[in-house]
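Two complexes are shown next, each including chain A; its partner changes from chain B in the first to chain C in the second.
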Partner chain A sequence: MTRNEILLKVASLLAEILDEDSVALSDATEAPDIPGWDSFVNINLMIAIEKALSIKFMAHEIEELRNVGDVLDTIEHKLMRGK
Partner chain B sequence: MLFHSYLFALCFLPCCLMLYQTLLRWKQPKSAILILIAFSLVFYAWWNPDYLWILIGSIVINYALSRLLIILRETSASLGIMVLVLSIAGNLAVLAHYKYWCLWGGVEGCESVILPLAISFFSFQQIEFLLDTWNGKASAQSFASYTVFITFFPHLIAGPITRHSEMMPQFDRPSSNMLANISIGLTLFSIGLAKKAFLADPLGVLAEPGFASVASGKEVPFLVAWISAIGFTLQLYFDFSGYSDMAIGISRMFGIRLPLNFNSPFKASNIVDFWQRWHLTLTRYINAHLYNPLVAYLARRTTFKMGAFLHQLTIMAVPTVLVMTVAGIWHGAGAQFVVFGLIHGVMLAGYQLFRWSGRQSDALSSIRQRIPYWLSVVITFILVVVSFVFFKSASINDALSLLSGMAGKFWATPPGSLSQLGPIQYLAFMSGKEDLRQIIIHLPYGYFELLLIPVGLAIVWWAPNSQEVLSNHLNRGEGANLISTSPVQYRVVPLASRIGGFFTWNPSLLSATLTILLLIGALMKANFSSTAFLYFRF
Partner chain C sequence: MELYLPPSPNDFLERLFQLSKVASLQDRMTGLAALANFDLSPVQTKKLAKVALDTAKLLSQLELESFGFQSSPVLVLAEWTADHLIDSLVLAGLRRRILFTLTLGPYGLLHQALLSEELKRGSPRFILFLLDIERRASLVPIVDSNASAQWARRTQEEIEQLAALVRDNWKAVPIFHNFFSMDGTIFGNHEVVIDRGPAAGIARLNSALLLSSRDANFLLWDLNALVAKYGRKNIHDLRLWRNAKLLISPDAAPLAMDQLAALCGAILGMSKKVLVLDLDNTLWGGVIGDDGLNGLRLGPGSGDGESYSAFQRYVKSLSERGVILAIASKNTHEVCVTAIREHPEMLLSMEDFACFRANWNNKADNLIEIAAFLNLGLDSLVFFDDSPAERDLIRQALPMVAVPEIPRDPTYYIDCLEGGRYFESVSLSSEDEHRNLQYRENANRSAFMSESRDLSDFLRSLEMTISMRPYHPTDLVRITQLINKTNQFNLTTRRYSEADVRALGENPDNLVLSARVKDRFGDNGLVSVVIACPDLDNKSFVIDTWLMSCRVFSRQIEQSVLRSLVHRARSHGALYLVGCYVPTTKNHLAASFYPDQGFAAIAPIGETLPGAKWWRLTLDAYDEPSLLATIEEF
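On to the complex of A and B.
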């Protein structure tokens, strides 16, 4: 999966959770930029990513994410290791 | 030692600051750290020297455990997990012993067990440190640097709760911008002191009669009940946010940036929003170590197959109510704190479910959109005021008694009579009076004191907060993370940013003069009628 594909996947999962048609994300996007992206939505997004991509986040990894770029880095890292 | 005592503000702080900055100038960072530790221990022991050993013992044992964990990480993971779990349990057991001893079976002489100052805060921080050590997020470091991380006196007593990874790089690489740090720190300190002296303490006086009445078994009339409840809510906010401003300001004088604790909580338009603005470092802590793991655990083990609503209920409501109840119990052993936590848990879960249902149904969603913004702010505020009645009251019965007054059960006792008037009789009684002053004739305060309520409300709703005033000089800080509940990561509300330009602080002769005047005035006022900070008892 390319980084861009991961970005689109994350955006579509977030859109589904927020029940929006689509959300525009970039590496620099932070939670307060997206209305409704609170701690509950955040943890749900992480679980949705886990289920969609068959990976697993550690609790402390979720705490350290600062923006969407960090999310993509972590996912990329996990997918690489899985291969 | 209280931040607003003359001893602290005029002697302790200047001495410590001077020594610390001088040692840094002389390129003696290690000695500077030792000076900070020594002053911090004196600061703690000033309250009760006998309890100093609890703080020191806790630090020594936890440091030793962290070293053990570092070794076990590499050698035996299963033994390591066991040590980690036992050491966290040990910290919690000590905390529980001091907080809840009296609750467990009415032990003889349990009144002599005094809650050691700051024990919640240094226990929380050390538990997080052990977890960070285990996860490889806290690097190996000396005993001195660990001790300064825990005891650093600006945040020792009541937070902000800091994380090792956001503090230690700052101690390792001291900021060289001394004069700027001191002027910004002093400004923030003065703002916090003014909140405490001019708002929190007088509001406490206003709130007291109502709560004192219900505690002595008397019912409280409508207006007094509301004034007490709103007065206490504003008192708690100005007291705790004032304390936090002072802590962040003092720390900044040493070149250390602490995470923010408040972001105008009463501008929140729903209860989730409120908790993303109130006591941020505790919210961050609870999210990281209780809420998120619990939601993740439940979400990984449940699926939509059980029905969408039931699934949402499980992963939304159960963790929220559970975690808020625990947070409530942390504040105190009484059943009223359980109710306080439950109310917030149910409100948070209720709001989340409401919002989720709004996404499923257009009708609900349009109702939601039709509520004007100001109304949702007022509703959120009133719900918080009601919940804080439980926070302040000595028992559930006291709280219910005050709430029945707020609900309008009785309005006044006519002069020279013992009978209580309900709302209807009260209106009938009032309509016979020409003098409107009769309406508030029973209030146990003067008109001038009453002005504090509208003034306080105007400040919490419309004024920019201290970090907005200083926004040019406080960066968003270290330790921000993705979720918006994190400290220091927030968006300035439009109103404040609109008028913020006028209020924004920059170093100048005028701002220096204003700060000094504010500082002197607030310091004198605080020492004239000095009370401890409300959060010192947690």
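On to the complex of A and C.
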């Protein structure tokens, strides 16, 4: 999975949770930039990513990932290690 | 983790949108309840819950009840995050025609919340306590062998004290959950044996809570059973607990809330009473008309056969605890009867079914007939049928009937039926255990009646004995049960907990009477309850509650109870009996009861519900009826 594919996947999962048609994300996007992306949505997003990509976040990652770039880095890293 | 609901329809949003514009609020609520019976995504859940709660704001409690719904405000006092459970609870309620409106109390401040006058103004029906398991369990010492027992006792006392605060100051039913161990054990397999450590303490506490829930009168939500069935890691995500104090992970919310709603539903009288079963591929594998007796899969020899046997055994146990069984099958009657009588592996017998409809008619018509025959509403029925087409038909034709989505593999039939928590009860009385027998005896009475010339002839030949007894503690469970589930002959439909009934019964100023009925066909048990409280200023007794089981309609029981009530009220020096009729969607047959018995209409007394009609009987003017039963007064 390329980084861009991961980005699109995360965006579509977030859109589903927020009940939007689509959400535009970039590496620099932070939760407060997207209306409705609160801490509970964040938890749901992380769980959805785990299920969709068969990975598992650590507790601090669920809590601390600050922007979309960090999320993508972490996912990329986990997917790579999985191989 | 499945709720056995059919998949969400593709046009869910369109349907929801159309429903939100439906002018008839009754049709709208019914439609919303039907939508709640699909397997919805979190987003869909949220949207449906919002429309339901918005609609509920337009409706008074009485209007909701007249639509066959119950409204139920819940105060949540939480030491862990519950916000993500609310929408799921609203939906789980909607599936049972209960409208939960939730208020979250101040986080972590249980005692303060219980003293709050502001929260009290919300008049909650239930107070749900969500306790921090980890904080309490971390206090279990492992040093000496008494420590886990002491910890369990202290925690039990803490819970009982909270329950007592609710009981003394609120008109609400407290709900507590039991505990599970987040840490596992300190000592491993041997922990519970040596009785030290958190798992040992929690095991002790959980069994202690079973007893205190009865004595301290709170409802116990068996969270631990959920954890045992689905696995702790599927119910509880430790990361989310540590990060955000979510005890129940978002994925498990629909399931957990469904179980909680079922528990509340039992108190609200919304549990189901009848299990209507199909035969082919439901009670046995194969089609009797095609495969013949020897071609059926049932009993040892195949996995499926074992599963059908296990399902029959489960259904039989349900019947033994008081769930009424009925058959609705598209089949030739004689072929089915032969199969049930002659197949050596059949566990259920013809005598287990209170009503048997094997014919080629439309199943919706059969269900309507079954409900009418049993004298129960269609909303008392659960329809269990392997055919998706029949299920679809019933869902559309009779939306008030519960229709679980049956798995294709019979291995999971029990899981599906059990998981739906349709027949949840909060008490078990000896009447429950004899219910099927009583309904069968009733069928005998019906046959007998059609042979009798007229009603009084019939009543005389029944050789009835009616025993009138003042409140006795041994009747507490049955009286409470009748109060909470009788809908048809129920003048006021007030629901009371065991503690309420005990308080009313033990007050010597009140008249709390029960009637038992026996006849030549059997013992009907305790079938009627009346509660009257004195109004000294007006020299009268006011009838707070009067109800009677539908099994004994039209048998002069109500006249016998009235006679007893009149005599007892007179001996207390009263001059009048005052009663009121509060209409609901189900009790119209009692609407003219008071005037029929010679009561005269009067102006409403005190605080009164809209639609209520008030009546008064002057005891001096009471005409003794001629009764065709032997009356015993105790």
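Here is the rule we go by: the second predicted complex is superposed on the first by the 83 of 83 C-alpha atoms of A that agree within 3 Å, B and C clash if a C-alpha of one lies under 4 Å from a C-alpha of the other, contacts with A are read in each partner's own complex, and residues count from 1 in each chain.
In this text, contacts are C-beta pairs under 8 Å (C-beta built on N, C-alpha and C of every residue); 3 or more make two chains touch, one makes a residue touch a chain.
Small disclaimer: the values here were computed from a predicted structure and weren't measured.
Asks: Determine, under the contact definition given at the top, whether A:E63 touches first (chain B), second (chain C), both, or neither.
Replies: In the superposition, A:E63 touches chain B and chain C alike.
Asks: Where does A:E16 make contact in the superposed view: on chain B (first), on chain C (second), on both, or on neither?
Replies: In the superposed model, A:E16 contacts chain C only, not chain B.
Asks: Of chain B and chain C, which one touches more of chain A's residues?
Replies: So, of the two partners, B touches more residues of chain A.
Asks: Kindly classify A:V71 by the partners it touches after superposition: chain B alone (first), chain C alone (second), both, or neither?
Replies: first
Asks: Report for A:N44: first if it touches chain B alone, second if chain C alone, otherwise both or neither.
Replies: Both partners, chain B and chain C.
Asks: So, A:A31: does it touch chain B (first), chain C (second), both, or neither?
Replies: Only chain B is touched by A:A31; chain C is not.
Asks: What is the shared patch of chain A, the residues that chain B and chain C both contact?
Replies: Looking at chain A, the two contact sets intersect at 19, 39-40, 43-44, 47, 57-59, 62-63.
Asks: Okay, in this complex, where on chain B does chain A touch?
Replies: Against chain A, chain B makes touches at 131-132, 135, 137, 272, 276, 287-288, 291-293, 295-296, 299-300, 315-316, 320, 352, 355, 359-360, 480-485, 489-491.
Asks: Would you mind writing out the residues of chain A in touch with chain B in their complex?
Replies: 18-19, 30-32, 36-40, 42-44, 46-47, 50, 57-60, 62-67, 70-71
Asks: Name, in rising order, each residue of chain A that touches chain C in their complex.
Replies: Against chain C, the touching part of chain A is residues 16-17, 19, 39-40, 43-44, 47, 57-59, 62-63.
Asks: Which bits of chain C are touching chain A when the two form their complex?
Replies: 41-43, 46-47, 83-84, 237-240, 242-244, 246, 249-251
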